[in-house]
Structure formats: C-alpha cells, structure tokens
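Quick one: the structure is below, questions incoming.
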Amino acid sequence: MIRMTRLIPFLLTGLVMAMAADLPSRKYLNLAAIKTMVAAAEQEAQKRNLQVTICIVDDSGNLLFLQKADGAGLNTLQFAQRKARYAAMYGRPSKAAADQLKGGDLGVLAYPDAFPNQGGVPIKVDGKTIGAIACSGAKSEEDEAISQVAVDALLK
Amino acid sequence: MIRMTRLIPFLLTGLVMAMAADLPSRKYLNLAAIKTMVAAAEQEAQKRNLQVTICIVDDSGNLLFLQKADGAGLNTLQFAQRKARYAAMYGRPSKAAADQLKGGDLGVLAYPDAFPNQGGVPIKVDGKTIGAIACSGAKSEEDEAISQVAVDALLK
Amino acid sequence: MIRMTRLIPFLLTGLVMAMAADLPSRKYLNLAAIKTMVAAAEQEAQKRNLQVTICIVDDSGNLLFLQKADGAGLNTLQFAQRKARYAAMYGRPSKAAADQLKGGDLGVLAYPDAFPNQGGVPIKVDGKTIGAIACSGAKSEEDEAISQVAVDALLK
Amino acid sequence: MIRMTRLIPFLLTGLVMAMAADLPSRKYLNLAAIKTMVAAAEQEAQKRNLQVTICIVDDSGNLLFLQKADGAGLNTLQFAQRKARYAAMYGRPSKAAADQLKGGDLGVLAYPDAFPNQGGVPIKVDGKTIGAIACSGAKSEEDEAISQVAVDALLK
C-alpha cells in the first residue's frame, strides 16, 4: 500500500524560513592567497631541486591557477589538475585514493573525480575545504610535500 | 541469394494487433510519492545525526529529485546520482555492484551505468522497478539504510 | 629580441603576502535558503496553475536541488539545469543568452555553458552571484517569473 | 593481385637518413618567458582597472599557465582556455573566428578548437607559432589588448 499524505504536513512544519541576512558565509581563496602558496611551492621545489607543475583549484574543483615548470612533462598538466580536483571534492589528500587502490579497493577506478595518485592536498579553514593544491612532476611523496609547504605558508 | 519477400507475409500474420484500451500500465513515482520518501529520509538522517544528499530517479534513471544537505560534500552529488541510476537500471541495490567488485568481478568497472558503491536501492511495486533512491554523505551502509527507510515509508 | 629578466623583479615586488586570517569570505546558499526558494516557487507555480521542474545550483553551477513536477516533461530536466548553470556562471538571467541569439550573435551556440533559453536567474547578494535558480516546463517568460519570485522570497 | 614487395626497396631508397645533429629546432615558451608575459598582462589590466583571467598555452594548445583574477567570473576559465587554444592551433587571433562567424561562416561552430570570441593572440617567432595567450573577463577588445601587450613585452 502507498501512503503519502501522512508525511507531507511534517515536511511543511519542518520548513525553516531563511532570508538573505541569515545566509551563512565561508572563506574563499583570493589571488593574494594563491600567490602566497605559489611562491612557497616554487621556493620549496627549488630547494629540493625539483621541477613541478603547480595547480590550485577552488572548493568545487574550478581551476584558479596552473603553472608548468620547464622540466615538468606534459602529462603533469592532467595529473596536477586531477589530484587537486580530488583533494577539493573529497576534502582529503589524493594519497587517500592511492592508498585505497593499493589496499585493493578497485572502486576508486570508478568513483567520480577519484584519482589515485599522491600529491594533492585540500586547503581547509575552520574544518571546511576551501580549495586544494597539487604538484606533479617529482616523486609523488615529493609532490605532496611541496603542496603541503604551500598550504602551511598560507595557513600557519 | 537471400530471399526475404517470402518471410514478410508470415511476419505480418504473426503480429498481434493492439488498441489503446489493451495497453498495459505501470505505476510511476509522482511528486507526492517523492515528498513522502524525502521526508522519511530527512527524518531518518536527522535521527542518526547525518548529513546526506538525497537523490530519486525514475525507472529510466531520469533525475526526479535531488537535495544536497549543508554538510554533504560536493562529491556526494555524483555519488548519489550514480548509485540511484544503477539501482534503477539494474533493479537491485548498488551494494550488489560493490559486492561484485569486491568478489573480483572487474566487469563492474566497464558495465554501463554500473557503480560499485552501496547506498542506492530500487523502488519496486508488484515486482517491477519504478525508480530508485540513493543517499550519499555518510558511511555506505548508513546511506543505504536511510534510502531503505524512505522506500519503506512509501511502500509499507 | 626576447627580454624576460627585466620584469621578474617587478612581479616579486608586487607580491602581496596573505595569511588565512586575511582570506575574504562570501555568503552561500544553505538548505534553509533553498527550501525558502522552493516553497515560494511551488506556491507561485500553483497560483499560475503551472507544472515546472525547479533547479537550484551554487555559484559554480553545482546542483544543489532539483524537483520535477508531475506534469513537466523529461526534457525540462536538462533545460532547468542548463538555464540555472548559465545564470550562475554568467551572473545574469539566461534570457540574456536567448536575446543575444535572437539578435544574431551565433557565438552563443559555441560559448561554454551558454544556454539560450529564458527561465534561469542568478541569486546575487551584495553584487556577488552565490547561485542561480531556473524553472522549466511552462512558457519561458513564466519559467523566469516563477524563478524570480523564488529569489525575491529569499532576498527581499 | 596487388604486388607490394616490388615497391618496398624503392621506398627504402627514397628515405633521407637523418641524424640528431641534423634535426631542426624551434623556439618554445619557458617559464621565464611566461612570467614576463604574465607580469606585463597584470600591469596592463591594473592600468585599465580590469580583472581578467590570463591563460597561456604552448603551440599544441597545452595549458602552461592560468591565473584567475578575483573579480573575473568562473565562465572566464573556459573562455580564456578556448581562446588561447584557438590562437595556438590556428596561428591567428581568436578575433578571426569571431569575424568569420559574424560574416556568416557557420563552419566556425563545427571546426575543431574553433572559438568565436576575441581575446586570444598567437605568439609568433620567426613566423612560427610557439604558443598563445588569452585574457577573459573584460570586453573582448580589452581582453585582446591586454594579451597583445603581454606578447609585445616578450617579443619587442
């Protein structure tokens, strides 16, 4: 039997009216913040004598910044973007997807925006993901280390 | 040479003539049914203190309803839609695809509309799938439990 | 001749250092705001005796809410999403794209996320687009009128 | 019957042997050149009080650099990339495609990588396209003017 009338009043009762003044707000990455991170990443890469593509996205995975280093291969363009996108959409380092796959969870190959390669890290403020940064071109651990230095330069 | 003229009369003879009055009918999800399910899912999520994106599709996988909870990540938008679509197209919970993959059946990664992640359940009336609902944002077992509560609210 | 060394010092000098505390913030649509808009749109559609699919997206075009009315065709699912996405990405009503096309600007057919059909309107707070709403299923002017009533219910 | 063995010796004879030392070379954009152009574009945009997304691609249209200005809409991300890609692949300003379309050549809507919007310009050295730069966010003429200033800073 299909009963549907009983629950509708509950739905209406539960409705919370909201006005513009009540809208919540959240921080977002501006260009000054991006330049701070890029400068830190460039410096760290230089210190390590590495050449990496640097990519920064917003909380929806939109591309805010990308810069290919001379010595970074063309494949790094997609790697950096995919790692950053994963970190933004899932709110965790892209290493998590790499670990899942190593652990035998093949679902990672099918999940939307999943990318099983270390190097992307989320940028979190007050527990909320406001974007992500990823590097690509060096060993994955080094890619991630450089990304993390960039995040720390902004947040610490 | 291939003779095909001989077979055409036979084909016509074999045709069963049908009129509109004889057409079969099937139940389908209307907005009242959808609101019943959504209200039940919202209530169950609240009881469990979880934030999930809720998605309801018809028997063809067409999107009839989607609602993102504030605390649900943006990746839940695709997860909920894919899980619901699988359940509708395959007529079984998306957990079946997750189990297949865990069991070593990699075909799941290639089958159309297959999505190996628990949380979507078909809505069946008289043994026929009329749509599906999926939740995403909590643990997969919880996503499915909330979806099931919503189906039960409609059908039991 | 290629001169590149001369401008690099300028770039570094122009670098503004930013810390997390300096990050700007912006309002965003939460579920309470969405329910306010949906309730207003449903009420307006009922008043006009129309059946429309309602779609609400965030500032990046991510789908936050979708609801198909019983009498709305399946084509409205894509129309509503595309109109809302245009309004969010371009920060103006999707009528603008329709007008451009009517005026002979065929570029609209090639521009990313452009959709030349009235009915989607941006949701702007303090001059910034925080999302968009679109209706589909009635005449385009009516679709837009319902969308506008929903925005007004939130912002006025 | 088709005799092909007879032609193979001829084919081999016709081969011109080449060694690495004989390979031609072409100039390409390195990061120092990119930073020169970006600094010039930023300076020009600031002078004009405009906020634009800047995008630089190589001769194959590969993304070498992208930077979104705070005030540039999210639609500029795709516009800038598409305009730069057109300019690189076709070796002419994206205004050419816009003019073609205005002139009634609808083929522009179908040609690969064609994008009918002013603002992207090729970077040519010794008559060869080595990449392209595009801006997006202001009026198309202004987008192009800023792009041109960036190219001039590198080449003049």
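To keep things simple, chains are lettered A, B, C and D as they appear, and every chain counts its residues starting from 1.
What we mean here is this: a residue touches a chain if its C-beta (ideal position, glycine included) is under 8 Å from a C-beta of that chain, and two chains touch if they have at least 3 such contacts.
Remember, it's a predicted structure, so these values are computed and weren't measured experimentally.
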For this session: Pick same or different for copies subunit A and subunit B, depending on whether their interface residues overlap by over half.
Result: different
Seminar exercise, completed: Distance between the CA centroids of subunit A and subunit C (whole Å) is 23
Exercise. Approximately how many whole Å separate the CA-defined centres of subunit A and subunit B?
Worked result: 30
Seminar exercise, completed: Whole-Å distance, C-alpha centre of subunit B to that of subunit C, is 28
For this session: Provide the list of subunit A residues touching at least two other chains, using ranges where the numbers run on.
Result: 24, 30, 60, 62
For this session: Could you tell me which shape the graph of touching chains takes: line, ring, star, complete or other?
Result: other
Seminar exercise, completed: So the complete set of touching chain pairs is A-B, A-C, A-D, B-C, C-D
Exercise. Contact residues on subunit B for subunit A in the complex?
Worked result: 32-33, 35-36, 38-40, 42-43, 70, 73-75, 78-79, 82, 98, 101, 106, 108-109, 114-117, 125, 153-156
Problem set entry | Residue ranges of subunit C in contact with subunit D within the complex | 1-8, 10-11, 14, 24, 59-61, 88-91, 106-107, 109-113, 129
Problem set entry | Residues on subunit C engaged by subunit A in the complex (per definition of touch) | 15-20, 22-30, 32-33, 35-36, 39, 58, 60, 62, 125, 130, 154-155
Exercise. Quick one: in the complex, what on subunit C touches subunit B?
Worked result: 30-31, 34, 62-70, 74, 77
